[in-house]
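The next part holds the structures, each set out as structure tokens.
The following pair of complexes shares a single chain, subunit A, combined with subunit B in the former and subunit C in the latter.
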Partner chain A sequence: MTTLVVDGLRRRFGPLLVADDISFRLDAGRALGVVGPNGAGKSTLLNLISGALRPEAGTVTLDGRDVTARSADERCRLGIGRTHQVPRPFTDLTVFENALVAAGAGGGLRRTAAYRAASAALDRTGLRKYANERAGRLPLLDRKRLELARALATGPSVLLLDEIGGGLTEPELRILIDTVIGLRGAGLAVIWIEHIVHALVEVVDELLCLATGRVIAHGEPSAVLGSREVREVYLGEELEEGIAG
Partner chain B sequence: MTWVNAVVQGILLGGLYALFATGLSLMFGVMRIVNLAHGDLSVLAAFLAFALIDALPLNAFATLVLVVPAMAALGWLLQRFVLQRSLGAGQLAPLLVTFGLSVVLQNVLLEVFSPDSRALDIGGLGTAGLRLSGSVSVGWFGVLCLGIAIAVLVGLQLFLARTAFGRAMRATSDDQETVQLMGIDHRRVYATATAIAFATLAVAGVLFGMRTTFDPSIGPARLIFAFEAVIIGGLGSLWGTLAGGVVLGVAQTVGAQISPAYSILAGHLVFLAVLVLRPQGILRPAAAR
Partner chain C sequence: MTAVVVTRAGTAGRVGLSAAGLLALLLAAAPYLVTSDITHTLVDLFVFVVIATMWNLLAGYGGLVSVGQQAYLGAGAYAVIALSVHGGINAFLAVPLAALAAGLLAVPLSFLAFRLHGGYFAIGTWVLAEVVKLVTAQIGPLGKGSGASLTTVSGYDPDIRVAYTYWLALAVAAGSVTAVYLLIRTRTGLQLTAIRDDGIAAEAAGVRVRRAKRLVYLIAGTGTGAAGAIVCLNTLTVQPESVFSVQWSAYMIFMVVVGGIGTIEGPIVGALLFFGLQQALSAQGPVYLIILGAVGVAVVLLAPRGLWGSTVGRTSISVFPVGHTLR
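Right after this comes the complex of A and B.
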């Protein structure tokens, strides 16, 4: 069983502390939601886990193996998949080739196996009909789907989702929620940053609230959303209504 | 008919220019590195072949078997241990590194091989050809160069389009940060791209050495031809590089037909005309990017 352990992560951008002693543990088949105001360090946290950023202190451990010194591409091959908040498809490649690159390099698959994984990822994200389109021609929402498809094609055991729900219509969001629930059910550990809190609480087992790089609450979603610290952090940036109840 | 002949010779010469420019185009396309030592490296390849012919009982073409892998290995090491370090330091750093490499190479070649002009002997092949009519003839060597150029470009195109590593290379050229999240080690892709670029420039360098004489200081003059072929055809397009090489070759031979002194000048004029009228290159749609 996959276990991701984050211990004492700390990172600064100049004088700004963007990750301040962040620790948690996430087991396979569990989903962790991450909330917090803009600039709280949510994306930074995912970057520290995926390897795009190195921490000044602290460790990231995957299945008992310390991966803190590993590069982003190695971590991907070890099973950490990540989507960008702002989609960055390989614009000159087709949608299918985008997924195929991920399945081949990240998933370590060859030929038929890679083709299957790539096409399964497109099926799962509803992109099959665009398989032979150049990715640069996709509209924004489909680009977001492609982010997820590519991350899935790498065959991750830990999936890091960065605001992939923003801008979706209610029925589209429903499909996304079901997809993520399915992935969690299939044994993936999921970390999902999302402002759409009602979508998040449907999926996640626990919620973590960040503010100025610090964990201010972590635990049962309803408890976290009900806590006074979280309410205070969100002052003026109203949490969605009816979620705590 | 002499004009037809000039065009035919230009096309054949263009094959060699295209082959020579491929490495420059590839390194720019994948890593955005402008390799100012490109010309000198091709001269290095020619001198390596020259030294091999001197030391071993080898035919000029047989030296390719040793020179091409040696240059590819040099490219891999250069990218991995020198150019890679310069990539994080802004756009100017790799340019300065390759400029420095160019100066170092010229001086090392001068020291080792003296400033004398050399040539790689290919016997009768250099002049043998097929006379098509009174004034139009096709040299076998030119046909061979064009054939090799097309074979290399088709091979490279298939490699990029059809193989997993080729796809990884295209993805890396698109976004070198995001490929890391797909599990691709971009440094490995870069080193391999440079190795391929050096292999193609080695072939071109040796063929150049068979066609005309070379000396340690001729590299920068050749670099201009590679630049012109790449820009005329359109940056980042392999077929464009072939077209650009042919256009440049034809311009030079047709210019020489007017007067031998106009050969190089005619190439430069066509290059300038393309820059003014079609800066994206003749084979690239205006809307691209």
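Right after this comes the complex of A and C.
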């Protein structure tokens, strides 16, 4: 059973506190949604968990192992897969090779096993038909799918998703929701940052709301969405739209 | 479950590889076919192929834009003097050892250079190369600032000496291209390409970025050192100001950028073009440099991916196929 434990994470950018004593625990097969206004520190939280950023204080523990001092690539090999909010494809490689890098490096697979993992990741994200295209030629939405494909090809036990649903049509969003539900069902622990709250609540077991780097609410989705603090930071607008949408 | 079939080389690639192999064999016969003046000159071409291929590995695949590879070229050249003139080793057998010595020098220097990134890395490598030059020029047995001569090959008949040098140079050039090709085909090679495209994303995908870069840096140091050893054999003298000249870096950058960075064929095309220009125009003095500059500017403006990258490289045709095609 994979368990991710985040304890007392703290990080500052200059005078600005972007992560202020963030703690939570996430078990395998569970999904956590992260919401909060722009600049609340959502992506920073993901970066602290993935190792792209180091915290000033606090720890990240994976399966009882403290990974706080580990580099991003090491954490990936230990099972933390991530997507980037602004896609970062390997532009000169093909879509398939993008996934293959992840399967080989993050997944530690070779040859046929790597080919199979990369191919499966493309099947899962609907990118199979672009397999031999250069990734640099993909439009934005497919680049987002490629972020997910690459994260999946590493064979993660913890999956960190950063706004991969934005810009999708309703049917496309449906597919993405089902994919994530499937992954959670397969035993992955999922953390998903998303502004499209109605999509999130379909998938996640719990919701965490951040504002100015602090956790202002965490728990069962409807309770979090109903809490006064959460409604206040959203000024009662963006969030309700999300629920209604 | 869908069957997963991945192919690495199309027909064009197999033809290209075979042609490259045949060409190497043909070139190997040159000492029997042409005068030693010609083979002596062709050694320069092979040296260009080696240093361009190595610089391309460094910058085009590892994303390490170095302006200090002359440190290894000079170290390789001086190592031949040290091993042969002072160590009593046969000058031709000293070549692989000299390459190894240059590679060993790259180990400590990599720890210094890798503290820097981007433009700072480029300047830092240049500074390191200058330091290596200054230190070398202090060593008495190596002739200090005025350099030294490779006296241990004077016993050879000149034609034989040139032929041996030629074969060695050809072997180093073919070996360098083959080694880079085989490396880029591997899992590590694919990861290198990923690092060049986006280092942060590569790290997030689990790639050991630092280790891969160090590997490339050591290989490039070794290969460039081998080229330096050949230069020593071909010119029979070494001088700090010439073998450690930053001009070598300018040559490398010119050949790789004009030929096509990040492709295996590009540096070879660049080396051929540079060699051709040098042979045709170097007697013209400043005009030669003006034309060289004009060619560089024209290629960057009209064919930004280099002569190979902007033409054949845009098709799926490749002499050295490294891609993976999912069927």
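Definition applied: the second predicted complex is superposed on the first by the 238 of 245 C-alpha atoms of A that agree within 3 Å, B and C clash if a C-alpha of one lies under 4 Å from a C-alpha of the other, contacts with A are read in each partner's own complex, and residues count from 1 in each chain.
The working rule: a contact is a pair of C-beta atoms (placed from the backbone, for glycine too) under 8 Å apart; a residue touches a chain by one contact, two chains touch by 3 or more.
Remember, predicted model here, so these are calculated numbers, not experimental data.
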Have a look at subunit B and subunit C on subunit A after the superposition and call it: clash or fit. clash
Is A:Phe90 contacted by the first partner subunit B, the second partner subunit C, both or neither? both
For A:Arg30, using the defined touch cut-off, is the partner it touches subunit B, subunit C, both, or neither? Pick first, second, both or neither. neither
Name the contact category of A:Ser50: first (subunit B only), second (subunit C only), both, or neither. both
Once the structures are superposed on A, label A:Tyr115 by its partner contacts, choosing first (subunit B), second (subunit C), both or neither. second
If you count the residues of subunit A that each partner touches, which comes out higher, subunit B or subunit C? C
Given the touch rule stated above, what does A:Arg143 touch, subunit B (first), subunit C (second), both, or neither? neither
Subunit A positions touched by subunit B in one structure and by subunit C in the second: 50, 52, 71-73, 76-77, 82, 84, 88, 90-93, 97-98, 100-102, 104-108, 110, 114, 150, 154
Could you pull out which subunit B residues touch subunit A in their complex? 164, 167-168, 170-171, 173-175, 177-186
Under the definition above, what is the set of subunit A residues touching subunit C in their complex? 50, 52, 71-73, 76-77, 82, 84, 88-94, 96-98, 100-102, 104-108, 110, 112, 114-116, 119, 122-123, 131-132, 150, 153-154
Which bits of subunit A are touching subunit B when the two form their complex? 50-52, 71-74, 76-77, 81-82, 84, 88, 90-93, 97-98, 100-102, 104-108, 110, 114, 150-151, 154
In the complex, the residues of subunit C that touch subunit A are 2, 4, 6, 187, 190-191, 193-194, 196-198, 200-209, 262, 323-326
